[in-house]
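Here it is, the structure, as structure tokens.
Chain nomenclature is as follows: A, B, C, D, E and F, assigned in order of appearance, with residue numbering initiated at 1 for each chain independently.
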Amino acid sequence: MSRLLPLSARATFAHGVHPAEHKEATHASVIERMRFADTYVLALSQHIGAASKPVVRVGQRVERGQLIAEPVGFVSTALHAPVAGTVAAIEPRPLPAGKSGLCIVVRRDPFDSQRFTDQITSRYPPGDADDLIQRVQHAGIVGFGGAAFPSHVKLSVPEGKRVRDVFLNGCECEPYLTCDHRVMVERPQAVLRGAELVRQQVHAERVYIGVEANKPDAIAALRAHIPALSPIEVVELTVKYPQGAEKMLIDAVVHRRVPAGKLPIEVEAAVQNVATAAAIADLVDLGVPLVERVVTVTGPGIARPANVLVPIGTPLRELLDHCGGLLPTARQVVLGGPMMGLAQKDLDVPVTKGLSGVLALTEPATWLQEQPCIRCGRCLDACPMFLNPQRLALMVRHERTEDLEALHLRDCFECASCSFVCPSNLPLVQLMRVGKGLLRRQQEAA
Amino acid sequence: MDDLVWIFANASVINNFTLAYFLGLCPFFGVTNRIDTAFRLGVANLFTLLITSLSATLLDRYVLVHAPYLQLISYIVVIAGTVQFVEMAIKKLSPALFRALGIDLPLITTNGAILGLALFQSSKGYGLVQGLVYALGAGVGLTLAMVIMAGLREEIEFAPISKLLRGVALNFFVAGMLSLAFMGFAGLFAKG
Amino acid sequence: MNPAPAHLELTTAPHVHAPISTPRVMYEVVAALLPVIAAAAYFFGVTAILMVATGAAVAALTEWAFSDRQGLGTLRDGSALLTGALLALTLPPALPLWMVALGAAVAIALGKLVLGGLGHNLFNPALVGRAFLQAAFPTTMTTWSAPGQGFWHIESATVAPPMLHAAVDVVSAASPLGLVKFEQKTTELLPLVTGNVAGSLGETSAVVLVVVGVVLGLRKVFDWRLPVATLATVVVFSGVLWLFGLSPSPAFMLSSGGLLFGAVFMCTDPVTTPVTAKGAWYFGLGVGVLVVLIRNFGGLPEGVMYSILLMNAATPLLNRVSQPRRLGG
Amino acid sequence: MGDFAGAVAILAGLCLFFGVVLALANSKLKVWQDPRVDDVAGKLPGANCGACGQPGCRAFAEQVVAGKLAPGKCTVSSAGIIADIAGLLGVEAGGDEKRVARLACAGGKSAVRDIADYRGLGSCGAAAVVAAGGRACPWGCLGLGDCARSCNFGAIVMKSEGLPVVDVGKCVACNDCVVACPLGLFSLRPMSDQILVQCSTPLAGPMAREMCQVACDACGRCALDAPAGAIEMVGGLAVVRAAGFSDVKSTLRCPTGAIQWVEAGQFALPKRVALRALSLGRLHARAG
Amino acid sequence: MSHDNGPSLWSTFSAGLWRENPIFAIVIGLCPTMAVTNTVTNALVMGVATAFVLMGSSAMVSALRKVTPGPVRITIYIIIIATFVSAVDWALAALLPLAHKQLGAFISLIVVNCIILGRAEAFAARNPVLPSVLDALGMAAGFTLAMLMISTPREILGSGTLLGLPLFGPRFEPWVIMVLPPGGFLTMATELTILAWWRHRSAERQALAEAT
Amino acid sequence: MSAPEPTSATLIGTLTLAGLLSGLVLVGVFQSTKPLIAANRAAAMEAAVTRVVPGAVKAASYERVDGKVRASQVAVGASSDKPMAYAGLDKAGKVVGYAIPAEGPGFMDTIRVLYGYVPGAGTIVGMEVLDSRETPGLGDKIYKDADFVANFKKLDSKPEIVGKKKGTKSKPNEIDFITGATISSKAIVKILNGSAAQWAEPLAAGATPTQGKQP
């Protein structure tokens, strides 16, 4: 609606919410490196799709950046050693958010210089743009936007489809997080180079880099490096959550709505995170696989909020220690942003490729007691998918699975906008997830 | 014309057969647990009402002139016979519908609204057209009341209500409030 | 080693929340009632305050008596207080206090608790209380004492002992709607706007209600579509009828009776109105049409209460037919 | 008098008319339905639980009358009723051996570490989506009783250990709890399967034991002690392969008691066996 | 349900009185229960009239049960019932014209009182005459009892009278709603709730007594 | 359980027989109660007539056909398909006025009234509500409120009856409305005006005041 009004010049999507941003603690923190840890735990399943297959044995020596697990099938990627050392074990380990899975445990060689070996750069000779898809897959690059979707899949355009526009997602609409922001400010050229690589790969006409208006320095930095006549355009967006969700981003920038249950390719669009683009640029230009990523560590419960370049597999405890450790007031550790992030019970889990932030919170979200739903409709007005969270939640509680289907539970992407605005503090997203589990189990039983 | 409007308003909302005249309460409470069943049965009743109105007018005009005191029994025989016939027909023609309505079909026979309509239209001296409008109003009112009630009942299913209240008592509480709301129609188009 | 807490807490996302809560919404509406109560006290004297206090107190007491009674129980959310105050404000001045109390008890017990308490009631509890009183004591409920009889003036009817009616008749005045309906006399707009006319406690001053409504709407306490749809429908529908001489003017329709009060405080009750945006429009449309029909062609001079109750009854159906269309679906 | 006859004629005439109409309808519009379906449906318990694999009792009755299912497939009815139905239709009672729901976890409150406080909806489904609850073991029972709530037969009770205990007498193998458990810990097993591995963690060795005292730490002793192929080690867990396997010997050296011989209800071992298991297993483990 | 091993005659009669009370337990026959219970007198007359029809038709249906062909049985029951109702209607008009006027069309509507057809189908059509009549008597008594229970508060509160006699002084303010349709529904609802509570409590007590 | 299928002939036969028997019973009962019922009706109506027409002790029925009034064969209180009026006769058998039944829509439903009417002057001399479903406590005041009923003891129906707010009536053709039941009050006025307009001329034109059939 609002885009029809001449007053609101900035593009955005319909519905959504505006949580307090809380970005001030880290938005100016320059990305820093951390000391190496002793042990790294690398989950074979870092991403959506099939888990990778180990290509190393227990006790084997590995170099930094060496391939340690290879993709199994198309929707699957490779895994590389984040440090030089020895493979200590290949066994199931607890992973973030109460999951678990087979991991390769690498014990660091304390005497190694931890340089990327020549071997790796030679496997991916710079300048060879012939088959970016293969190389991205074998470099283990997955989306940094949160879902950790294997990036090469999005680089390959299916038969009969085409991509007109590439969208680089620089919204970072989650409160607290600033890792993408810092990447855009500190490495605008890598982002733009990645954008161009992606655009050429999918034969797109244009690239839109969507950045919310609360990151003027990022917008300026990117714009400063865009050459004249480039098909790349930085679009300043109204600050609103969940602008960064791909369907919302596309709607906000070009007003095309992805059909329900379908992917952006249906509207000739491809979406990549800005940091993902930078990783692709690094791969092509420097030959490095994905072995580390930027993580924002922040929140009122951490001693020293920072943006940290973390090797994948670093134990969470070490990362927190790097930031001065949890304060005694901390009562919760959340992996991801505060809207979609998952509370963590165990600090011995490793950092994974999809981790964008670690929040140490002092005030649990249950500060508000749950009240009965007063049917105020705020959740409906917040839901960017135009669902009816109120009714859905009711149906989940009463296990009315037919109704859940009819109300399109599957279209909920768990953005938590509904829970955020609910004055009665109903755990709406939690119920959405419970409902999806219900549907899944019922389907399995049938 | 004005008259027909009043007849319709009167039968449908002002003196709603269910909520003001208390006719056919048992099926009203029996079938209003689902909106779609309520609607289907409401429409079934509407048709039965129209047929009954027509039959009653014809009976009055051509058969009962000599023995008006046989009105009651003649009406009820016609209604019972028709409903039983319709039941057999539905069973044959649309077993799915029959299964959906289940035991509710015979309830139409004993639905007081139908006999009530025949008796009232005769005592009010309505002619053919007036009678049909009256029947239409009654049917619409009946359906309206049933569908609204069903909507409300589908909603209270989800409420945390004490076991003591659940069931019949609760339905009566809801019906009470509904009939309280329907009092708003009192005197509509009465032009006092 | 971290000085990390031994046990981290696990809660579901989101880990931040908008600064609103249901009790807060309720108390904002209670606060919005203060100017309305002040206006009522200005026109009808201390009686207004007595009645509102009685309504709120009895409503709260009833809620407490039937809730789990652990501490304040469900009283804390403030909704019972609000219901009681709203009920009192829809009653004629000088109504015996025992009737106010009875209405408040019925409003909470029948209108709300029977159906499961806050959030589960189907009909607007305050209006259930009022409809009960209207049906129980039709004459008393349509006897309007005149405004401006002095602040400390208390009718003997107001303090009649329970179950009895007052021995002496109140100084009654016809309400503007009663005057149009039964004596074909319209009232000047000015007193209607300021509120110096006979009518229920809270409804007489149009200007106060409009201001309060706009403030509540801007603060997003309620869904603005509901009152807007209601009032717009009344204006349009009565406007058309007015052109044919079948209705008083839209300006009169707007500023008389309980329409503004109902639109601001009762059409906006979140619990008993549709959750969907489209449903809100249908609801307002329904209330508007019914109000105009009942006022102009019904047996009652005023139909706001019944219109709202009837649309409350239709709300589950409205919710059902107005499900939002999912994005891209 | 004419009045009199006229009136009688009117009524008789009306009745004649409807008699003809209904008689016609009766012969032309008759739908034949096997009356035995009603009879059988009348005898069934009407629980509509679906344990028979049919959408409801009536559908089951139709299938039984049609000869497509054996009456014994209804696991809710008593043997008497089954025999009754079988007699009525003149068919075999049929049916399978009684199966009951079994839980693949014994990690009660005192056995498994609590490492965080879960706050929120009190259902397993809800806790499962929040870091799989506060207990250290992400595979184990969440202890919030979704299974007990799902059971329409009152066969599951949450015991003080925070574990569901199935009353095998009441369980009719309806599968509801199997679907209800978000971690898939329940399965339906024949009563004759008496050796149960009551754990689901793939972790092995000290990591498993540190997390939970009764975890299967994949030591493999049970597999060694059982006849070849009866018990296999798969992904850090012992798995019983042989149907109707009930050799208690295989359980005696389990260091944690994760594998158990059960006579009827789980967690309600005959004292003798429990003591043996303790003395031989746990003490052994502690010494080692 | 054959008579030989069936319940005793007494329990056949007493069932309808309370245990299987048509209004409070089976919840049928609601129309008259709501419509004519605004005064106790109306309720009484209606109860007696219904009792007569119920007994007569049950006896007839039971007597003719062997010769009634299935496909037209409902029609035949209805004819029997309507015959009795017409007779009662005229008898009342002849003997108690005032009560007849008060009850108006509701006498005719006894035909469609669910209790009567319900008992014909559920009991009389399967049982000999004597138990059928006893069952009818019990049901009618239960029906009348229930109607009295509902009409008493309605008349007292709604008109301030009982059996037409004023109970309170002239300053009593009657609750008109009680004699209006909503009052009927709400009274019934309240009584059902009280009954449920009472049943619940006595069941609890019994359980307690059995446990100790 | 499954009984043998009855034949069509059985069905038709039993049903017809049932109708026949029921017809016999009904006719019997009806014939035996008919005189009593008729007598009750007549007595009730006659009593009503004597109440609304002061001075009358007996009633006689008249009907209006083609704008003319004539004595009717229909008994007092019995239903007829023609508009009826009852002459109120004094002891001497002289017509002292007419009692006319009339009906129209009220607040809730149709109201039926009987009013006493003296032709010529067109004065209404009494009114009684025969049947109404008006709200108890409000609309029912049209017959329970003595003040309201008293309005009709002497009321000019010419040119037309006019209702006034309570306590403001001043002319002989005006009545006081009931506070809180204006609609029902209006309904009565409307019914009376409508009916009086139809009967005024025929009655004034002089019915043949022959003695009606005695009940």
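Observations, loosely collected:
In this section, a residue touches a chain if its C-beta (ideal position, glycine included) is under 8 Å from a C-beta of that chain, and two chains touch if they have at least 3 such contacts.
What you see is a predicted model, and the numbers here were worked out from it, not measured in a lab.
Between chain A and chain C, the least number of touch steps comes to 1. Ranking every chain by how far its Cα centroid lies from the centroid of chain B, the top place goes to A. Of all the chains, the one whose CA centre sits at the greatest distance from that of chain D is F. One simple way to say how far apart two chains are is to compare their mean CA positions; for chain C and chain E this gives 41 Å.
Separating the centre of chain B from that of chain F, both taken as means of CA atoms, is a distance of 30 Å. With centres set at the average Cα position, the gap from chain E to chain F is 33 Å. Within chain F, the positions touching two or more other chains are listed as 11, 14-15, 18-19, 22-23, 26-27, 30, 107, 135, 137-138, 182-183.
Residue positions 8-12, 110, 117, 120, 132, 135, 138, 299 of chain C each touch two or more of the other chains. Looking at chain E, residues 71-72, 75, 79, 82-83, 86, 90, 176-177, 180, 182-183, 186 sit in touch with two or more other chains. Across the interface of their complex, chain E is touched by residues 19-26, 29, 69-70, 72-73, 76-77, 80-81, 84, 106, 109-112, 114-116, 119-120, 123, 163-165, 168-170, 172-173, 175-177, 179-180, 183 of chain B. Chain A meets chain D in the complex at residues 91-92, 94, 97-100, 342-346, 364, 366, 427, 430-431, 433-434, 437-438, 441-442, 445. Partner chain A is touched in their complex by these residues of chain D: 115-116, 119-121, 123, 125-126, 128-134, 136, 138-139, 175, 178-180, 182, 184, 202-204, 207, 235-236. Taken in their complex, chain B has these residues touching chain D: 63-64, 66-67, 69-70, 73-74, 77-78, 80-81, 84-85, 88-89, 91-92, 95.
The touching residues of chain F, when paired with chain B in their complex, are 19, 22-23, 26-27, 30, 105-110, 133, 135, 182-187, 190.
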